[in-house]
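What follows is a set of structures for review.
You will see chain A twice below: alongside chain B first, and alongside chain C after that.
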Partner chain A sequence: MEIKINNVNHIYNEFTPFAKKALDNINLSLESEKIIGIIGKAGSGKTTLVELLNALIIPSYGNVQVADFNIQKNMRLDNINKLRRKIGLVFQFPEDQFFNPTVREEVSFALKTFSYKSDRLHKQVSESLKLVGLDDNYLERKVSSLSGGEKRKVAIASVMVFNPKVLVLDEPTVGLDYKSQKKLLHLLKKLRNRYKKTVIIVSHDVDMLNLIADDIIVMDKGKVVASGTKREVFKNTSLFEKYGLNLPKIVEFIGKVRKEKGIKLGNHTDVKDLIKDIYRNV
Partner chain B sequence: MYNTMIGKYIPFNSKIHKMNSTSKIVSVLLFFILLFLDDLLLLVLLTILCFVMMLLTKVPLKLYFKSINVLKILLAFIMVLILAFSSSWYLAITITLKIILGIIYIMILTYTTSKSEITYALERVFKPLSLLKIPVKKMSLSLTLVLRFIPALFEQIEKIMKAQASRGIDFIHTNVKGKMIAISSMIVPIFTLSFKKANATAGVMDVRLYSLNAKRTNYRFNKWSSFDENIVLLHFGLLLYFILRMVIISSDIL
Partner chain C sequence: MNNIIGINSLSFRYQSKFIFEKFTLNIKDGEWISIVGPNGSGKSTLVKILIGLLESDSNIIVDKLTLNRENIDKIRKKIGVVFENTEDSFVAETVADDIAFTLENLAYDPKEIGRMVEDIAMEFKIDDILEKEPNFLSGGEKQKVALASAMVARPKILIIDDALEMIDEKSKNEILEILNKLHKERYLTIITITQNLEETYKTDRMVVINDGNILIDGPTINVLEEDKIFNRIGLSLPFMVDLSIKLKLYGLIDHIILDMDEMVNALWK
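The block that comes next holds the complex of A and B.
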């Protein structure tokens, strides 16, 4: 599914003393069936960018093309739910938005509002819970009785249930323990590999993105300052220094070894591969 | 989607900004008393007064109207309710207009006065009530916290609305039924988050050793000027005149 962002500028509170330019002349083309990471400091415009994709925000100037939808100012968005079914958005701390008492009701909520037939409801709810690693025993459980990791999974299931082509996650690993993070990353890879979804992750966690992302977009003060494959982007260490961003620790380590010891290690994302490479070289 | 300015302080260099915060609070209170009086001429004068005050703040008028626009559904609902119970268009329009004027006057106060100034002024104005054992300090603190948290609350509401919109309940691009479902889907998360925030704020205040009983001074001192006097006298004058007018009219009728 094609996603193109053309000459987008977005200004919050335009024509008021609080006017703030959140996006500055953004031009992007997002490839499908990939995991795309968006990094940048707080206030760089990452969340604003992803909220454009399903018309939660209409750009002040420019347009966003999502499949056959053209999102721009003063356009009537008929069948907006058709667009929202294509792009699933999971916000930071999605469990804060729960309002149904049971897991079943929370997960099936979107299906009901998108007018899915009731005979399919149970099957789809069950499948989306299975997808995130929860079984049917969770269906009748109270949402308030779940652990943090389980709530996060239910939140993702409640978006995955309507089978969007693109899944956007805003800081998905924040507040999760290491084990839950690992399971979540495994799920995201499965969504890309097995279910051919496009996954867009907004995060400060460059180590996590280095592990699973294919492409990286770097933002600063509303502008896209770098985009490309993660290898290309993370190789540009001066860019990260310039914008005050952290490099993945593994990339930093490889860079230091190259600089201080003159040993050229490969561009690894996995620690096991890096250790093998070190043994080979040293 | 929802960028409300209700409750935010907008620093400008206007006559109203420079006014003593106590005179502003007194004027607002007198204005609210005036709103309760039933007189069409008074309502017209109050509308003009409100408009003049808005201009004097130098805050762009668009900001006021944007904030009122956020509440248009609620105002329409109130109007329909009044019509349903009274079948009187005059009553529905005048009451709705009074509500709008009241909200605008509060906005004039909050746009031109910082939260600490408001707290200080409220404490001074209501100090005499402490003789009747009314907890004036607690009340003025509560009011200030409400004003302080309106923007934060609207921010949370916006986040929740966006999350629900992603799942098919869009408050903006939907009919009345959809809007009602959107509102009902927000109530539980808003309450839960508000309680969490309130708890966190109380904790922070404790940690910073905030004590309601501690004596406070105000390092920002706005002198009481002739402009303050004139504004308060104008409100008081209006109140006196229209009360007398109502008394005279009702005695004529009798």
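The block that comes next holds the complex of A and C.
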């Protein structure tokens, strides 16, 4: 399911003294079945951009095309509901999206909203929890008693339960320890490879994106300043300097060796491969 | 150096589960210590106990005072804390008022408050945003304001509780540099609580905890080499530590190098 963002401008509090331009003439085409990373400083428009994708925000100008849906002013409410079955959004702080006491009620909430029949409901909830690595023992647990990592998983399960084609996650690894992060990254890769989903991740963690993303979009002050495959974008080191962003550490190291010592190491994402390459070159 | 914090055989239960059982840790005056561990290891519970948000009946001494209800107000004056979600802690409409709030709470003379706020703002280079609304600041600015609020009453101990995770690298480095200066020039005792090992690089000592137990305690540069422990408890090794350990195994370097330029020059002299 391709997503096209056409000439989108978004202004918060437009026509008031507090007007603030958050997105500035965005044109983007996001390919299906890819993991796409969006990076940029705080306030660069990353979160606004992804909130457009499931019509949480309607663009002030321009439109977003998601399959047959056209997200723009005057979009019909029933279309918004249909669209949200296709695009699931997991917020930065999962607590922000919980409003049910138990895991079972939280995960089944969206299904009830979308009028699923109750016999299918239980199975879907169980399967969705299993997908994120939680078993049925979690069903009656209080959402408020879960750890940060478990809350994140429940938030993802409650979105995956209605089987959206696109999963959008805002800063998914924040607050998770390495083990939980690794499991989450494994899950996201599985969603792309086995279930053919498109996964869009907003994150400041470029090292994590270097490990799993196919494509990268770089934003600054509401504009898209670069987009392309991971390799193309991370190769452009001066761009990262210009916008005060970090490169993945491994990319930075390889670039430094090339610049200062004239030695060309390969474009590795794994430290083990890098070590072998260094060994051959010292 | 004397101990500024002494935790002696702390036992603490949440519902029926022991978070700490006979946990002992001494922190020296003027030391910069990092306490690291995965989610649920007890790090934040320890902070809450130290500032009296959670009560325990164990023997804890903070700057010669026993931690109890009677002394808690005095102890809170000695400890500044910066938490992860600073948004939750902003109360005033401007940055200046927010920093002043800490002093008002501690019943400082209103005549002194304005000057103290200006002094701390100059020191942390936030004097240009004093009249701004806290909610409109960037993540890095918010954390600097939270740090200024924590330090304005000149506490002897500063606790940074997972407070640098969400901010960009440039702001993070600026804050770490401010902390380094406070530590070196004012002998401030700093406790960094984190699961990001990069934030421990400048600390003198590292204590790794899991399930309420100390797994290892020693000079940071030595503890960082214990990759097996970090792997076991699920903490990620920063790139430079991971690279150093593996290059050491190959015999290409003989010690851990945390600075990238230094590493490149060590490999290709």
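The rule we apply is simple: the second predicted complex is superposed on the first by the 278 of 282 C-alpha atoms of A that agree within 3 Å, B and C clash if a C-alpha of one lies under 4 Å from a C-alpha of the other, contacts with A are read in each partner's own complex, and residues count from 1 in each chain.
Methods note: a residue touches a chain if its C-beta (ideal position, glycine included) is under 8 Å from a C-beta of that chain, and two chains touch if they have at least 3 such contacts.
These numbers come from a predicted model, not from an experiment.
In the superposition on chain A, A:Phe109 contacts chain B only, with no contact to chain C.
Using the contact criterion defined above for the overlaid structures, shared-chain residue A:Asp214 touches neither chain B nor chain C, since it reaches no partner. When the two structures are aligned on the shared chain, A:Ser158 is found in touch with chain B, with no touch to chain C. Of the two partner chains placed by superposition, A:Asp24 touches none, neither chain B nor chain C. By the document's definition of touching, of the two partners only chain C reaches A:Gly43; chain B does not.
Contacts of A:Val282 after superposition on the shared chain: chain C is touched, whereas chain B is not. Of the two partner chains placed by superposition, A:Glu33 touches none, neither chain B nor chain C. Contact with chain C, but none with chain B, is seen for A:Val271 once the two complexes are overlaid on the shared chain. Touched by chain B in one complex and by chain C in the other is not one residue of chain A. Across the complex, chain B meets chain A through its residues 1, 3, 5, 8, 10, 12, 59-60, 62-63, 66, 159-160, 162-170, 173, 181, 185-189, 192-193. Those residues of chain A whose C-beta lies close enough to touch chain C in the complex are 41-43, 147-149, 171, 174-182, 204, 207, 244-246, 249-250, 252-253, 256-257, 260-261, 263, 271-272, 274-275, 278-279, 282.
If you check the complex, the residues on chain C that touch chain A are 38-40, 84, 138-140, 162, 165-170, 195, 234-236, 238-240, 242-243, 246-247, 250, 252, 260-261, 263-264, 267-268.
Here chain A touches chain B in the complex through residues 12-13, 15-18, 51, 54, 56-57, 77, 80-81, 84-85, 87-89, 91, 94, 96-99, 109-110, 113-114, 158-159, 162, going by the rule given at the top.
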